[in-house]
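Please find one structure pasted underneath; my questions will follow.
First chain written, first letter: the chains are A, B and C, and each begins at residue 1.
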Amino acid sequence: MSLIFDHVSYTYSPDTAYEVAALNDINLKIDDGEFIGIIGHTGSGKSTLAQHMNGLIRATAGSIYYNGQDIYDKGYKLKDLRTQVGMVFQYPENQLFGTTVFEDVCFGPKNQGLDEKEVSLRAFEALRAVKLPEEYAETSPFDLSGGQKRRVAIAGVLAMKPAYLILDEPTAGLDPAGREEILGLIKELHDKKGTTVILVSHSMEDVANYVDRIVVMEHGGILYDGTPREVFHYCKELEEIGLAAPQVTYLMHDLKKIGFHVDTDITTVPEARDAILRALGRKE
Amino acid sequence: MFRNMTLGQYYPADSILHRLDPRTKLFGTLIFIISIFIVDSVPGMLVIAAFLGAVIIISKVPFSFMVKGIRGIVVLLMIAGLFNLFLTPGDKILFHFGILTITDAGLKSATLMTIRMIVLIIGTSVMTLTTTPNSLTDGLEKGLRFLTVFRVPVHEISMMMSIALRFIPILIEETDKIMKAQMARGADFESGGIFQKAKSMVPILVPLFVSAFRRANDLALAMEARCYNGGDGRTNMKPLKYAGIDAISYVCIFVFLGTCIAAKVLL
Amino acid sequence: MNIDVNTNINNININIIEAKNLSHEYIVRDEEGNVENIVTAIDNVDISVKKGHFISILGHNGSGKSTFAKHINALLYPSGGTLFVNQMDANDKSNTLDIRKSAGMVFQNPDNQIIASVVEEDVGFGPENIGVPTDEIWERVEKSLRSVGMWEYRKHSPNKLSGGQKQRVAIAGVMAMEPECIVLDEPTAMLDPNGRKEVIRAIHELNKKKNVTVILITHYMEEVVGSDYVYVMDSGKVVMEGEPRDIFSKVEELKSYRLDVPQITLVADELKKAGVNVPDGVLTREELVEALRGIRATEV
C-alpha cells in the first residue's frame, strides 16, 4: 500500500474571499509505515496538500493513487478512502457533537456501515488507545478539559482503524507537557500499530524529534524532502523562508565557525551534548 | 457553497451615493419599496425603473455587479412570470393554444410582477453596495433612536447587528471546517431523503452552536475589558452628520414619491 | 500641608500591581445546582510589578496564571487577599471601570476579541466606550496603530489578516485606551512561529518606547528571555520567582512544573552535569558559544 501524488496541482478561484493555497506540481510517494512531517508556514500549501490525501479537496491537475488505485476514477468511493486515510484537523475538539464521549467516537465506525457490536468494540479500543479513562465514556464531551477533548476527537478518527493517519497541527494551543503527551501518543500509534503517520505542522522542533522523514513546503511546492538530518542541513535557507531548524543545529554551526570540531547536522540535545564534550576532549 | 454570496456586499467607489448619510439611503430605500407597490400600471413601473437607472449611474457601481443579485432568482422569476401569464383570467384573450391562454390582464400582471421583482432586488442592492455594513447599523441606531422612548434597546440591537456582520464570514469558514472534519469521519451530506439529510446536519450544527457560544463569551469578556458599558456615555468615531447632498436627496425622494402617487392616480 | 509620599505617581519605583495573599475560589455545581466542589484557582498569591517593567508569568495550563491575569483587569474579583492596580483597590467594585482603563487586557484568541469589521473602527472601540471626543479618538487610533506597525492596514477587514497581525490590532485597541499597563494572556498560543515573533517584538517595543508596563502570561520559555522578572505558577500558587537567569538555571524544577526549557538551556545544563564549567542560567545561543569559547581557551 502507498499513497502517490503524481504531478498534482491545485489552483483556486481568485475572486472568492477565502483563499486556499495553491499546489504546484507535487510529486510525492508515501510508503506504508512511514512517519512523516510536512512542514511549512501558513500559506505554504501544507494543509491543502493534506486535504488532497483523503479527497476532501480535488486536484485541478495530476493524479493521486492510493493502493494503486486512482482516487479520481469514476465509481471510486471517496467516502471509503476517508476511512482508510484518517484525518485529524487542527483544534479537533471543535468537531465534537455527541451527547456522550462514547457516542461521538462511534460516529466514524457507524458511517463505515459496521454492525453495532463492532462499532462499540472499536470505540472502546480507540478510547483506550488515546489513554482516556473508561469512566469518561458516558460523560458529555463538553465537560472535559481541552486536552481530554482533543484525545476524544483523535479517538473518533482512530475508531475507523485507518491505515494512514494525518494530523494537522496536533499540538496547537497545548502547553509543553500537553504537547509531549500528544506526540508521545502519536509515536506509540506508529510504533505499536504500524499506522503510517503524517504530521502537518509549522513547528520544526516538535516534529524533528519524532519523524523519520521531513517534507518542507513553500509556495505550494516541495522544497526539501529527506531525513531530519538532511533537511536541517539547509538551516540557513529554512530560516530565510520563515522556518527554523532546531536551536541546537544553529548552535553547532556557530561552534564550528569558532573552530570546534562538531558535526553540524546534529538536531537533538543529547547529540549536541555529546558532540561538545567530544570536541572539548572530555569523556561522554 | 456560501462563498460566492454577494448579498449585502459593499462595492467601494467614490460617488455621491457613497457619500450620503446612511439614514438618507435607508429612508430612500424604504420609500422606493413603498412606491413599487403603490404603482400598478406598466408605464408607472417603467418610470420607476428609469429612476432606478439614473441612481445606478450616479452610484458608479458597474451594472454587472448589480445584476449578480438577480442571477440567483432568474429561474424563479421566470416560473412565477409564466404562471401569471398563463393562468390569470381576463376579458380579452390574446392568444390561445390548447389549455394555454394568455389574457390582457395576464400579460399586464406578468409584466408588472416581473419588473417589480427586478426593480425591488436591484433597488435594495444599491443601498447595500454603496453603504458599509457598519454605517448601515450606525444609521439604524441613530435613525431609530426615537424608539428608546418606548424602551426599545436600539443601541444594543445595533451593536448585535454589527457584531453579527463581523462574524458571519468567520462562522461560514468554521462551518466549512466542521463539515470537512465530519466528512473525514465518513459523514455523508448528499445522499438520503429529507429526513436523512436533516439528521446529518446535527454533527455540523451542534459544534457550530457550541463554538458560537464560546466566541460570544470570549467577545463579551473582551468588550468588558475595554470598558464597554452599554450605550450610555459612548462617543462616536464616525459620527453621522447630515450634509447638503442629504437635504437635496430628501427633496428628490419626496418628489419621487409624489410622482408615483400622481402616476397611480392619473395613469 | 499634608504630603502623602505614597500618592506621588511620578515615583518610578511604585508598584503598579500589588497582589498580597490573593485568592480566588469558585463553586462547581452539579446538574441539580448542588455544590459539588470548591475549586481554588489561585491560592495566596503575592505578586508585585514595578511601573515600566516587563514581567512574565509562566505556568502550565490550569496553573492559575490566566485566572490571576483576569483579576488585574477586574474581570474577576478576589475572594480573599488584596490587589491594588495603579493604587486602586480591586476589591472595591466601584473602581472597576478605572481599573480597566489603567490595565488593558489582550486575550489568546485573535478573532474573538476583534469587534468591528474594519481595523481602525476596532481600535476606536475602547476610546468610544470611555467617552473620548471624536477628534481625539482618531489621534489615539493613529498613534496606537503606528506603535504596533499596523497603520497601513487601518482600512482592512480583520478577516484578511494573519494571526500575528490580528493580535497586533488587538494590542493597538488596548493601547488606544492609554493604559498604564497591559496584560497579555497567552497572546501567542494560537499563532505560528512568525506570528509569535511579531507579537513579542511588538510588546517589547511598547515596553521600551512607550514605557508601558507589560505582564506576559505564557507557557513558552523562549518568550520570557527579555523579561525583567519572572513568576512561575503551579496549582494556583507562585512556586518560583526571580530574574530569567535564575529561573532558567533550575532546569529540573521547571520540568517538574511541566514547563519546557529552551534547547540551549538544556544543552548548557547537560554540559554542566557532565562537569563542564558553563555559567548558570544560559539564555541565548550567543552566551553558550562565548562560554564554551572561554572554556576551551582555559584548557588549551
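Basically, a residue touches a chain if its C-beta (ideal position, glycine included) is under 8 Å from a C-beta of that chain, and two chains touch if they have at least 3 such contacts.
All values reported here derive from a predicted model rather than from experimental measurement.
Engineer: Draw the chains as points, connect those that touch, then say whether the picture is a line, ring, star, complete or other.
Structural biologist: complete
Engineer: When contacts are scored as defined above, which chain pair ends up with more C-beta pairs, B-C or A-B?
Structural biologist: Answer to which pair has more contacts is B-C.
Engineer: From the mean C-alpha coordinate of chain A to that of chain C, what's the distance rounded to whole Å?
Structural biologist: 31
Engineer: Cα centroid separation between chain A and chain B, in whole Å?
Structural biologist: Chain centroid spacing, chain A to chain B, equals 44 Å.
Engineer: Could you pull out the residues of chain C that touch at least 2 other chains?
Structural biologist: Each of 159 in chain C touches at least two other chains.
Engineer: Can you list the residues of chain A that touch 2 or more other chains?
Structural biologist: Correct list: 17.
Engineer: Please output the residue numbers of chain B that touch at least 2 other chains, ranges allowed.
Structural biologist: Those would be 169.
Engineer: Write out the stretch or stretches of chain B touching chain A in their complex.
Structural biologist: Answer in residue numbers: 3-4, 169, 172-174, 176-178, 180-188, 202-203, 206-207, 210-211.
Engineer: Which of the residues in chain C end up touching chain A in this complex?
Structural biologist: Per the stated touch rule, the residues are 60-62, 159, 162-163, 189-190, 192-195, 219, 258-260, 262-264, 266-267, 270-271, 274-276, 285-286, 288-289, 292-293, 295-296, 299.
Engineer: Considering only the defined contacts, which chain A positions touch chain B in the complex?
Structural biologist: 16-18, 51, 54, 56, 79, 82-83, 86-87, 89, 92, 94-97, 107-108, 111-112, 142, 156-157, 160
Engineer: Flag every residue of chain B that touches chain C in the complex, lowest number first.
Structural biologist: Touch residues, chain B against chain C: 132-134, 162-163, 165-166, 169-170, 214-215, 218-219, 221-229, 233-239.
Engineer: In the complex formed with chain C, which residues of chain A make contact?
Structural biologist: 17, 41-42, 145-147, 172-179, 202-203, 205, 242-244, 246-248, 250-251, 254-255, 258, 260, 269-270, 272-273, 276-277, 280-282, 284
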